[in-house]
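Take a look at these structures.
In what follows, subunit A forms one complex with subunit B and a second complex with subunit C.
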Partner chain A sequence: MKIFILLLTIFSCAFSQQYVFLVKEYDKEIELEAKIISNIALSSTSEKIKLFIPKITKQEQKIYSQYFNLANDCKSANFIFNNKGLLSDNCETEGKLFFTNNYKRLIKNSKYYGAFFWNKSRPNIVFIKQRLRENNVKLSAQYTKYIEDIDE
Partner chain B sequence: MNKTLFKNSYYLIATIVIVISFLLFLLYIIFQYEKNIEKNMLTVATTDVLQITQNKARHVQKVLQNSKDYIKDIRNSPKLQKQLEEHLLNLITDNIKYAYLLYKDKHGIFRFLVDASPIEEKAMLNQKFDITSDKWYGLYKTKKPTIIQHTLIKKLSISYLVPIMYENNVELILVIDFSVDKLEKINGIIFLMKSGLFFILSITFILFIILIIQFIKYKNIKKYSFTDKLTGLYNRNYLYEIQDTLKLDEFLVAALDIDHFKSVNDTYGHDVGDIILREVGNILLHTIRVEEDIVIRYGGEEFVILIKTKSENTEGSLNVIHRILSNIKEHKMFINEEDYINITVSIGVNTKPRKSRNFLEAFKLADLALYEAKESGRDVIKIYEKYRV
Partner chain C sequence: MTIYSQKDLKLMQYNILSDILKEFPINNLNTNKFGLSNLSLSGTKTDVSGFFRLFINDHEVSSTYTQSASYSWMNLPLDFIDYIEVYRGNSSFALGSDAGVFFIRIYTKKPSKENGTQVTGTIASHGTNSQSVTHTDMFQSGWSYLTYFNNTKEHDKRTYKNNTLQNDAQRRYFYLNIQKDKTNINFGYTDLEKDNYMGLAVDANSDSGMIESKDYFFDFTHKFLDDKSLKFNFAYDINEIHNEEKDSSGLEVLPVIVLTGPPTATMPKEYYQNIKLKKYSGLVSKTFSTQNNNFVIGTTFQNKKYITKQNTVVNFITGISSDVGQFTAFDEETISSLFVQDDYKFNDKFLLIGNAKLDKFKRNGGLDDFTSEHYRVGAIYTPFEKFGLKSFYTKTSLAPTFYNIDYADITNKNNQNMKNQEYKYYSIESVYADEKSRFSIFYTNVKIENFIYYAPIGFISIDDHTIKTQNWIFDYTYELTSKHKLQLNYYTTKQSESFTNSNKGGYLKFMGEFEKFDYFTSLIYKNGYSYKTVSVKNSYNLNLGATYNFSKNFSMSLKGENLLNKSTKSLYKEGLFIGTPFALEDYQRKVTLAMKWVF
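On to the complex of A and B.
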């Protein structure tokens, strides 16, 4: 019996990589995204960041709350990260920084000053020079290579 | 007995070390083998695709053969963009996730010209592309196709970059990104192979451990069956075990019998008889040379002593026999806390057992000498060869 249990244990250990479904779900991509957005937000303003993510999921809430004070609505926030394209038009733009995760949305909508998105499965960051100026955002040197001069 | 055990332990440890080294060597081979398999399988799985991609790059170059500025002409011609995109679309399969054409601007930033990705993932014309490896820049020096293996990107395994040249300068780069599916399939096969081998190794190792445990158990049982419980000496079973392999020219055979042992038993009882046997056994063990000589309780009050001899000179060995006789004689055998008795023994010795055909014959001669010792009044050593002390 002891030998049987020992064999069973070895067999289970040998195939343990098959049991990843038992591990609690945790999205590394959201974790990385939250870290990057946090660095960008801190570099964009000296004010204390109050982040609002429209239609935030529980998973995002859990991860983003480790890096930000989360706002329940657009009004009480000073940094908006629109990562689902579900931002209401009622959200006032004054005194707020708008960031997105979609390059096309960034290009089309002038209220966004930058975007972090996955392009061909690679992380990409883009800031638009003109909009940085309009929002009075002075980024640190590490972000210079991400600034694009796009004619608008 | 200790010597034998030590020898057995030594061989056991040596065997364990050899087997464990062998298993570790096998594991090392498996891990080396795994790397080679992965590399070879990936090469086999991708070679055709890489060839096709190079052909596709040549084809793009052919389409642009009348152009003097590839980048400008593609940027300015939606028709040309569409034509090239259709070419790249042929490259997209289950394993190739993306195929696109890039250029490097004057600031060293890579930008999209043509992208054959599905609409929801399609990059815009001139859209910036953040690279994740300096190998992208290296391609402009080597001017040769380059493979980039992704370790940080979760959904891609490798990217294949093919330069498209204009007047010996890299003008465009055709890129294909392999999805992880292929690599996962390969790794899945390797994992199964590795697990199977690991399982076999584990079973072998367990069987080996079981074998060692059984061997130790067997040794203990054997030791127990060869030991006389009362005196701690070897018993007759041990004699049967070694008698066929015993080298008779290396030993002197002696038979020892306690004098008047029956009277001791009758007078003082069997408990005292046992004490006498234990004490005699103890004296024998302390008098012989532990590393060389062997003492066996043959039965009742009779003992067999095998004293190691060196060639024809039996003087040293006979001295041991004389010490046994005198040590037993001088020893006070306490039968209770205050009273003691003195015991004597008679010993018959065969100094030349090599002249006998086997041990039993040699022992018979020692026994004959013992009989002679008993007949001559006990407490004496008789030698078969000479029949004199």
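On to the complex of A and C.
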């Protein structure tokens, strides 16, 4: 398995900024995830993105809405990010891009063209070459090094 | 609240929980007479501390017998831990835990973020060594799990009056966390086999003895509804304790000593104890949230059973062995609770918080049933972006434990209805923080009614006066660069009682990294004190450490602890009942070499 490590400055060795009181729920990870998914989605299609996250939490809703127009269901979305493994089988694949946060789900289910996931406490991105072709996705050059060629 | 992040744990080389507790403000980490690490409030010395609660993934792991986290959990290895939160005063009641004054909440690494295996090995002075394996995986279905194994062998000893007090121990840990979205399952296990150090020997040096303990727990939490606002939790805990000890000068097993004749007539010279404690607990809570308000209501249930399998003594004079059975008839306690919690945000600058909890205790063995109330109100006010104030008032009560009742005042055996310890805890904290620095002043004022004190004749409830303490903590953190941090801390305690432990202290910490190196240094100070004929000098615990990261997956670390060999000292006594006090070092100078490999 070839996995390229995404080195993110936000998760580099810098200490976090000092705080007065930690009152708000800690949401830095979701913010990071939302930024990355936003960059990937914008790089994957020229269409206006309508994102659907199955069983989205209130906290995710608050943060993701800063980067995306959120869809209430799979039908009205063109980009689906399945980050909890709770996507219904009824969600039709036609005209939609599917992304996940689980490497095993990516390998086993051909509807996903890529994944953003964690390994050894480090964030990783992987795209599957054949599935990029099938979905007519032409990624920008910055993502080329994250493309894997697997036997399907 | 103080947070120790995974980065702090790594840079400071905090290998086990007690590494952190050593520097804890307004507390002292002592070694008790059984050679176990034990936390005492600043200025005071206790062998068993029932005032603080220890949690792993929101499951309380304090002993059902003593309400203390002694035995193995105080030495919990931290290589599978994500972060640690420390609360002073009461924390939220929404976890349904027992009452307390300090709360340490430990959270394990998220399996979904690890997806790998980590092997850690350490070797330290005197032959102490430890091996750990952490494995995490995430399945296609979204379920993920973390498993952790650790085996630690510790070699430790002290010298008292030319005699060696052995304190060797072997600890093992197993942890399993399984989770998916709304479900979190935890299983924890630890066992300990160790020398009994001084034990209960009248001459503070038992001829032979050992302590064995096994702790297991299973904890299941599921959140219902799309917004996860309905929570269900069930947990089952088992603690098993086995002690045996022999001493020719006699053993101070207070519950069997009768004072109607000479104490030696009933004092044992051998003691064999085998007990088991079981605890079932459940919680159901519902959260109602609006934009500015969160309201939680819930109910909890706990049933604690104390089973005495063996309690055998061999008489000091006659040498006759007899099984004395349970020390008291009190062996079951049921607690039903109702709690509410509300936090209301007036605006971005002002937050009000209120908690209330009602506990109904049912106890057997002729002890009274009772109801206790706990309240906590507070406000968080941040008038400026860089400045804030936080203030809380907590009224809580700690019920006597099985241990308190077993070892209750032997001069008054007919009345074991010890009163609850009533704590009134007021705190105020002011913080100034900018991008690089954070300065905080924390003040607490604590009043304790019916304090349960371990007197030479057993536990007595001090109900004729109020114990008062005041604490100040000053803390300053400065980020020298984005990769280097400096932290200064100083605290002082005033109390109405005479000091039996250090009451002032602080630390200076520096941590950072450069290219492939991580490094730290810390100096922990605790002031000296005098008690009767014993005078204890100031303690300066100097620690230094460095890690070399050969790659992202492999590193070696070297750490030196207590390099000046000026450890804190704890008070002990020699002799029956009041005895003669003496002091011994809590820990030794130590050098540790560690290896970490991730794959």
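Here is the rule we go by: the second predicted complex is superposed on the first by the 129 of 152 C-alpha atoms of A that agree within 3 Å, B and C clash if a C-alpha of one lies under 4 Å from a C-alpha of the other, contacts with A are read in each partner's own complex, and residues count from 1 in each chain.
Here is the rule we go by: a contact is a pair of C-beta atoms (placed from the backbone, for glycine too) under 8 Å apart; a residue touches a chain by one contact, two chains touch by 3 or more.
Here the structure is a predicted model, which means the values were calculated and not measured.
Trainee: Quick one: classify A:103 as touching subunit B (first), subunit C (second), both or neither.
Mentor: Both: A:103 reaches subunit B and subunit C.
Trainee: Which holds for A:126: it touches subunit B only (first), subunit C only (second), both, or neither?
Mentor: So A:126 only meets subunit B here.
Trainee: Identify the partner contact of A:148: answer first if only subunit B is touched, second if only subunit C is, both if each is, neither if none is.
Mentor: Only subunit B; A:148 stays clear of subunit C.
Trainee: Report for A:85: first if it touches subunit B alone, second if subunit C alone, otherwise both or neither.
Mentor: Touch status of A:85: second partner only.
Trainee: Please tell me which partner, subunit B or subunit C, touches more residues of subunit A.
Mentor: After superposition, C is the partner touching more of subunit A.
Trainee: Residue overlap on subunit A between the subunit B contact set and the subunit C contact set?
Mentor: 14-15, 17, 103-104, 119-122
Trainee: How about subunit C: which of its residues touch subunit A in the complex?
Mentor: 1, 3, 5-7, 109, 112-116, 118, 138-143, 180-181, 226-228, 351, 380, 382, 385-388, 390, 431-438, 477, 479, 482-483, 485, 513, 552-553, 598
Trainee: Would you pull the subunit A residues touching subunit C in the complex into a rising list?
Mentor: Subunit A reaches subunit C through residues 5, 13-23, 55, 57-58, 84-86, 101-105, 108-109, 117-122.
Trainee: Would you pull the subunit B residues touching subunit A in the complex into a rising list?
Mentor: 97-98, 100, 109, 117, 121, 123-124, 127-132, 153-156, 177, 191, 195, 198-199, 202-203, 206, 210
Trainee: For subunit A, which residues are in contact with subunit B within the complex?
Mentor: 3, 6-7, 10-11, 14-15, 17, 28-29, 103-104, 107, 119-126, 145-146, 148
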